[in-house]
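We call the chains A, B, C, D and E, going by the order they appear; numbering starts again at 1 in every chain.
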């Protein structure tokens, strides 16, 4: 099942999942990131800290191929970030951003079913994933009638559904209640055990330090 | 300056700032809150915990008079929540919700200046408030070009600007970096010292417990 | 990357434009007046070349856009943009001069002739193209989107040109680019040809100028972006509530 | 001291104008759309100049009505709950907010009408007799439409009822406006008195203004 | 195995139709608005039945063009960055997403056209000779408009001033469509052959389809 998701075991040690070299991101003439070098290897959990506005979200979206580098080059799963074929690796990436992106007029289950259908995943899995994050009872509730925390939980369900090899989590602990924060740990561990990797952006130093193998700090637009 | 904001000192001990009795909130036929009784007195800091989807945000918006009770009655600063004059007390309420509500096409300073003008506050104060939250350098940046954390910080600047007597903070610590989390404490203390009160909703038990005089828990729509 | 004298080529286009303008004017007044329209017919020598060169400009925009999509070289994007700007200018000229002409021959500024309307619409399409370019500052994203529009928008040319054939209207039917007969006097045709050549010279001169300018602008942006430019994040500092009042 | 009703309204209007200047929604989206509509109509009905001249004024008003209401409605309903909360929590009088919004809508509509009006006159070769009355009629129609759109948007913004109501609210109300507008132009052309129509426009505007201000408080944001 | 191009496109189309069924944007807002437009026109131009009959078909097409494009564009540009991220990260082929979106837009437009078409026939007392050709023409125009709107939304969607450019890009590009549509109806009325126009519509649709599919990958979300 979902064989396309698996990172080939034999090369997993050698090849970096993410590799950025000398990358800069600009918004018009305003530099946001510059000279970023980063490589993330299979099995790794990387924590990223940095002040508000330092460029953490920009970095995650860059790695997710949703923002293109203005300078420098990078690869994700060996695919060039600038290549028009970059959409092909996106199914292996699990990204959770600041705000959930569910379609407000669809129910959680319908939203998830859309993702499943789009990725060729068995629709039957949707229920169990929502169940796993404690949303079984709310699966037929429209997304815009779910509380903020419920929508965030559902994003974790989506990650469970798609089983990505690279997790990119932007402040994953926020909005989750005491019961649900462990979801983050569980998901990260699962992913790593499968030979994937995770990048966590957070202001919650204690939680991330206990989880990450390596902590990076963003300052002045570069990783220090 | 801003005398209308001050709670009359002589009655501040006696009169509750918020008083809800037997309040229920329904969305259509779905009950969200039921039989909520709550009173918040001047000088008090109340922490509210509860699972995702328990109704914490609904409660805060109810107190902020943005949602009306389907049943029961309540007052804020002595004004009935159902009265058509409830808009008159709103200027004394400082509410920070899950997502910032800045106009994306205006700069932070322009957004703030709008609030100042609407409330009859001297526009000169805008700069110093943004400065106090560490956004002096970004005041002329459009809100949609500010990071999530920057927008959240600006909300604290707005609270500094309007000097409310009742603070309603929905997960105030989230998205703030290590430097900025103390803003929450500072603001709450300032408000309380002025004779105001604060209600904090959070999943960050440690931080809120150190701040609050009283902790309430919401479960299945009622305060326990 | 930059040549030693980046400004060396920027003078001759001005001369070229001036000379071409003068030659066109002289030619139009030397030519004999038309039997029917009299002196007014001289407008033709500006009106028609302007329209045709607008076609050429947008055609070049189309080709350069396609080339950009093919090669992903920003050089092509600059050419496409410059040509579109000139095309808009020429289309505007056609419209204004045409309206003046219309007022004096048909008695109204505007009429619902297919060609007139479609020319106006062509004008809007390429204004839209230019507006699209102004909406992003990411050079590559801008180039890509503009290129796609630049290719699609070219349908306006045949539409304008053949509009007179498709509907009956007031406007002159094609008299030159029509396969069979040429129903103009030889002197008129020659003058027209001279004017067209002169407009082409103007077009080339303006292209050189604008492409140069575009390149220069890009260089200015890049040079201002030194490693010392503060990053966006430096605008945020640690908060201080200013005492514990 | 909390600001006066008028200064609150002005604050809101100023905000709206500033937002428009930044986003250019009306000036760069709706206006060109309207202009294109005026250009397309003759192509579509491909008829003689005489008919076009007769049809021109009417088309102008139809375009103004439709797009005018779109302008007023879009701007309000596009705001998020958080944005509406921010406004509500300034404690401004909902009636003042209504007035300010309507004022801004009026100004935007006036620009819209004027530009399209000039275009119509040029394109459709409109008879300009009685042109000294045009400004008055344009202003009155803009007032009416701005109020109408603002009321409709206010009803929608309160939640429950969806945007679906807008056309239902707007359609019947815009008919009298349209009739008064076209008839007063027709009257000018024929050299007849247009007092009745002007009065009708004024009355509509007045009724809508009163309705809007009175309904603002009961309709205030309830999430 | 990752799903085929076609199944991805169908997934997207099904999502769009479901969203429309829930929100009713097209059916309950845009459609009534279009109907209001058709109702207002006779009031505005207040002319004889004969002129109305002549003008009716043209007005129908103008309304279809303007609102049709609004439909196609609104639905795409209204989505938030987070929503677009979600779609992109499914790893679907951008060309399949384009195809699916265009397909859904086509279906919505067809409904829109049909309802308004019936309304036009009733209101304007349209000559129904050659009516067997109507479905073909309606379908071809809907295809063209849907593709055009989807392409335009794609071109502007990532820009900051987003929706601002759409009308400038789309409305003029729809001119060939408008011409072909009105001329084929004119042809039917006069009993002439409309093959050229049908062919023109088909060619436009084909060109747009190719352009859309080819441009989808280069245009894929770039933030």
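Simple rule for what comes next: a contact is a pair of C-beta atoms (placed from the backbone, for glycine too) under 8 Å apart; a residue touches a chain by one contact, two chains touch by 3 or more.
None of the values given here were measured: they were computed from a predicted structure.
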item: Mutual neighbours - chains that touch chain C and chain D alike; value: B, E
item: Graph separation of chain A and chain E (steps between touching chains); value: 1
item: Rounded Å distance, chain B centre to chain E centre (Cα mean); value: 46
item: Whole-Å gap separating chain B and chain C, where each centre is the average of the chain's CA atoms; value: 56
item: For chain D paired with chain E, centre-to-centre distance based on mean C-alpha positions, whole Å; value: 26
item: Overlap residues in chain B, where contacts from two or more other chains coincide; value: 99, 138, 150, 153, 179-180
item: Chain E: positions in contact with at least two other chains; value: 23, 160-161, 164-165, 168, 171-172, 175, 179, 218, 222
item: Per-residue multi-chain contacts in chain C, two or more chains; value: 121, 124, 128, 131, 138, 141, 234-236
item: In contact (per the touch rule at the top): chain pairs; value: A-B, A-C, A-E, B-C, B-D, C-D, C-E, D-E
item: Chain C residues within the chain D interface of the complex; value: 108-112, 114, 117, 120-121, 124, 128, 131, 167
item: Residues of chain C defined as touching chain A within the complex; value: 137-138, 140-141, 221, 224-225, 227, 229-236
item: Chain D partner contacts - residues on chain B that touch it in the complex; value: 3-4, 61, 64-68, 84-95, 97, 99-103, 105-106, 110, 114-115, 117-120, 142, 158, 162
item: Touch list for chain C against partner chain E, complex; value: 69, 118, 121-122, 124-125, 127-129, 131-132, 135-136, 138, 141, 144-145, 148-149, 151-153, 155-156, 159, 166
item: Residue numbers on chain E that touch chain D, as the complex places them; value: 23-25, 28-29, 32-33, 35-37, 39-41, 43-47, 51, 54-55, 57-59, 61-62, 65-66, 161, 163-168, 171-172, 174-175, 178-179, 182, 186
